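You will see two complexes here that share chain A, one where it goes with chain B and one where it goes with chain C.
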Partner chain A sequence: MAVFSLIIINKAGGLVYQREFQPGLRKLSTNDYLVLAGTFHGVHAITRSITPKLPLVATTTNPPIAPTTATTPTPNVTSPSSTSTPTPSSSSSTYTYPNPGIPATGLECLETDKFRLTCFQTLTGTKFLLFTEPTMVNIDVVMKKIYELYADFVMKNPFYQLEMPVRCESFDRNLQGWLRGRT
Partner chain B sequence: MTQPARHAAMLSISNGGPNAVAVDKQQSQHIHTQSQSSQGLRVPSNRKTIYDRHLNRSRSAELSRASFAFLFAEMVTYAQRRVTGIQDLERRLNEQGYPLGLRLLDLLYYRTMASSTSSSLSSSSTSAAPPNRPLRILPLLHLIHGPLWRLLFNRPADALEHSVSPETPNEYMITDNDPLVNTYISVPKEMSMLNCAAFVAGIIEGVCDGCGFEAKVTAHNQPTEMWPGRTIFLLRFGESVMEREKVLERAGVK
Partner chain C sequence: MVVYSFYIFDRHAECIYKRRWLPRPASMVGSKSSRPTSEASAPGLPATLGQSARTTDDDAKLIFGTVFSLRNMARKLGGEDDNFVTYRTSQYKLHYYETPTNIKFVMLTDLKSPSMRVALQQIYINLYVEYVVKNPLSPAEHPGGIGVNNELFEESLEQFVTRVLS
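Showing the complex of A and B:
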């Protein structure tokens, strides 16, 4: 039940916060952390764009336009036989996410036998990466509290400049205190 | 808000002549802006503005701490523009608080009188008569330490001390272990001397001046292990106040 470390990445993919909560972790150089943050930001964007979509079988636009194409085994509207006008609008609606109400998120969880990396992206685009033990439960509670502390002690601090590295003593103090109180 | 407008109207009537037109024009402009601003957010449906309400109405009302934090953060950012240094920044915050203290004093009196318990204003007024305004330093300090702090922060301040040094008998200290204004503020290392509670110091200064006690109030960091945000407000009373204090002491005024 231990939280190893926390990384916060801003919406541009820059590292703004990094902190370890357990002694004896092997440290990376500052540059490596920056590279790690940037790489993760890219991987996250890729995983989001490769989210598989399901084809829509019964499209409403197909039957009235070309009933002959509907008989082909794959009703593909981008085939040259169909008329060109409805193609752009219908091609975007032939595939959908498995759950259309929920937009595609990127990588959320990465697990090894030594640690689990949980990624939480806020609606504003900031990413919180939390490294924990793989057996740890209720990570979403920890994540929510970290987000709350961030909103309180970073965003309400007049000396913090947006998108810049977080150097807020009270954020560190409250984060440390809360995590210590939990274990 | 309505008072100066009325005054201007009277002027225009008594003066007459070409001047009056100018005044009239000004006044109509004034009214115009007023009516514009009254179309803003704060006019309730029954057309009663905040000035029509009873003063004690908001006495126990609660304010959002988050909105205050954002407002104060914006005030600090505003004060930070074009400052020459930390002292200048603290002076600006102090100046922002000072008029607030002067105005707050009337509300404070009004409310402490309304509650009408003799112990509410100062501990030294033991008579059954309603509490008066403080005449000596100690009742004033109790007024700040207790009622003012409760009005502002809903709790009394944490300590009240007199300077132990014989050279500075005019110095008093009020301690707040965790000032509300600093809750979410982390001062960068290169500005470690800065304490944004200078704003509160300005409020105290305004209250002291409003009571007729000339004073300079500053806020200082005094962190402890338990209270990393502990702040001491240092009140330095002027010489005239100290002289009067001696006279009053001889006269036996409490």
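Showing the complex of A and C:
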């Protein structure tokens, strides 16, 4: 149940916070962490764009081919209740995502042999990257608490400049204390 | 579980094989008997297929870039012997397996699928090695997918994905 480290990336892909809590991952230079943050920011956007698009069959292509296929409307008429439900969701696009109810996000969880990386993106685009052991459970709870501490000690700090590196002692202290109390 | 697509990249970062599976619409369970009902959508289908064919090349490049970056990131943080296995988003899961000869196998599935590392390994051992590497007519390198796109490999991959994995 080890939390290795935490990285916070601002909405422009810049590294604003990096802290190691327990040994387990290799140490990188500050420059490498900056590169890592930027790379992850880009990869995160790409992983959202390569979401598989499932083509919608028969529901949306009706308007252009309506005059040529006069026979197709008849099966639709027999079941008006069933056809009425898919049309609002697929009014203009010809594809749908695998989970249509949820908006497509970028990478949320990455697993390797040695660690698991959980990424949480806030509504404003800040990304929290948490490196834990691959077997760790309840990462959501840890992530939520970290976000809470961030909101309390970084965002409410009157001297903190937005999008700039986080240098708040109380944030460090509380984070460290909370994580230590957990293990 | 559903498999969306499958890619093989060689050590020159070239996509030597790609395959996409369009999931069956829910109504088409018996594939042959329901074919007449799907006829209505036939005029619309080439348009969507054409659109996807235009972007599969780009998709393959994007996927290679993604797994390459993530693999390097995993190696940097976890050590040289660390391997990137899988990642997931809210919509799909990507599974990754790399052979010692740097051939990369990538598979995109839905979120419900378990770890596909063994499956990808099996595809490598039982299908790729058997039908591509051991094929005397296949070249050592596969620029543009030559040698990988043979009938036996494609057929057995199709069977593996449709029978074993689903």
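Things worth noting here:
Rule of thumb we're sticking to: the second predicted complex is superposed on the first by the 148 of 183 C-alpha atoms of A that agree within 3 Å, B and C clash if a C-alpha of one lies under 4 Å from a C-alpha of the other, contacts with A are read in each partner's own complex, and residues count from 1 in each chain.
Methods note: a residue touches a chain if its C-beta (ideal position, glycine included) is under 8 Å from a C-beta of that chain, and two chains touch if they have at least 3 such contacts.
Not measured: the values here are computed from a predicted model.
In the superposed model, A:T135 lies in contact with neither chain B nor chain C. Judged by the touch definition given at the top, the superposed model places A:F40 against chain C, while chain B stays out of reach.
When the two complexes are overlaid on their common chain A, residue A:L54 makes contact with chain C while staying clear of chain B. With both structures placed on the common chain, the touch criterion links A:T94 to chain C but leaves chain B unconnected.
Legend: residue contacts after superposition of the two complexes on their common chain; A:N31 is shown touching neither chain B nor chain C. Number of chain A residues touched is higher for C, counting chain B against chain C.
Interface of chain C with chain A (complex): residues 2, 4-5, 22-23, 25, 37-38, 40-41, 43-45, 47-49, 51-52, 59, 62-63, 65-66, 69-70, 73-74, 76-79, 81-92, 94, 108, 110-111. Listed in rising order, the residues of chain A touching chain B in the complex are 152-153, 156-160, 167-171, 173.
Chain contact summary for the complex, chain B toward chain A: residues 66, 69-70, 72-74, 76-77, 80, 183-189, 191, 196, 228-229. By the touch criterion stated above, chain A contacts chain C in their complex at residues 25-26, 28, 32, 36, 39-40, 42-43, 46-58, 60-61, 64-65, 68-69, 72, 75, 94-95, 97-99, 102-115, 131.
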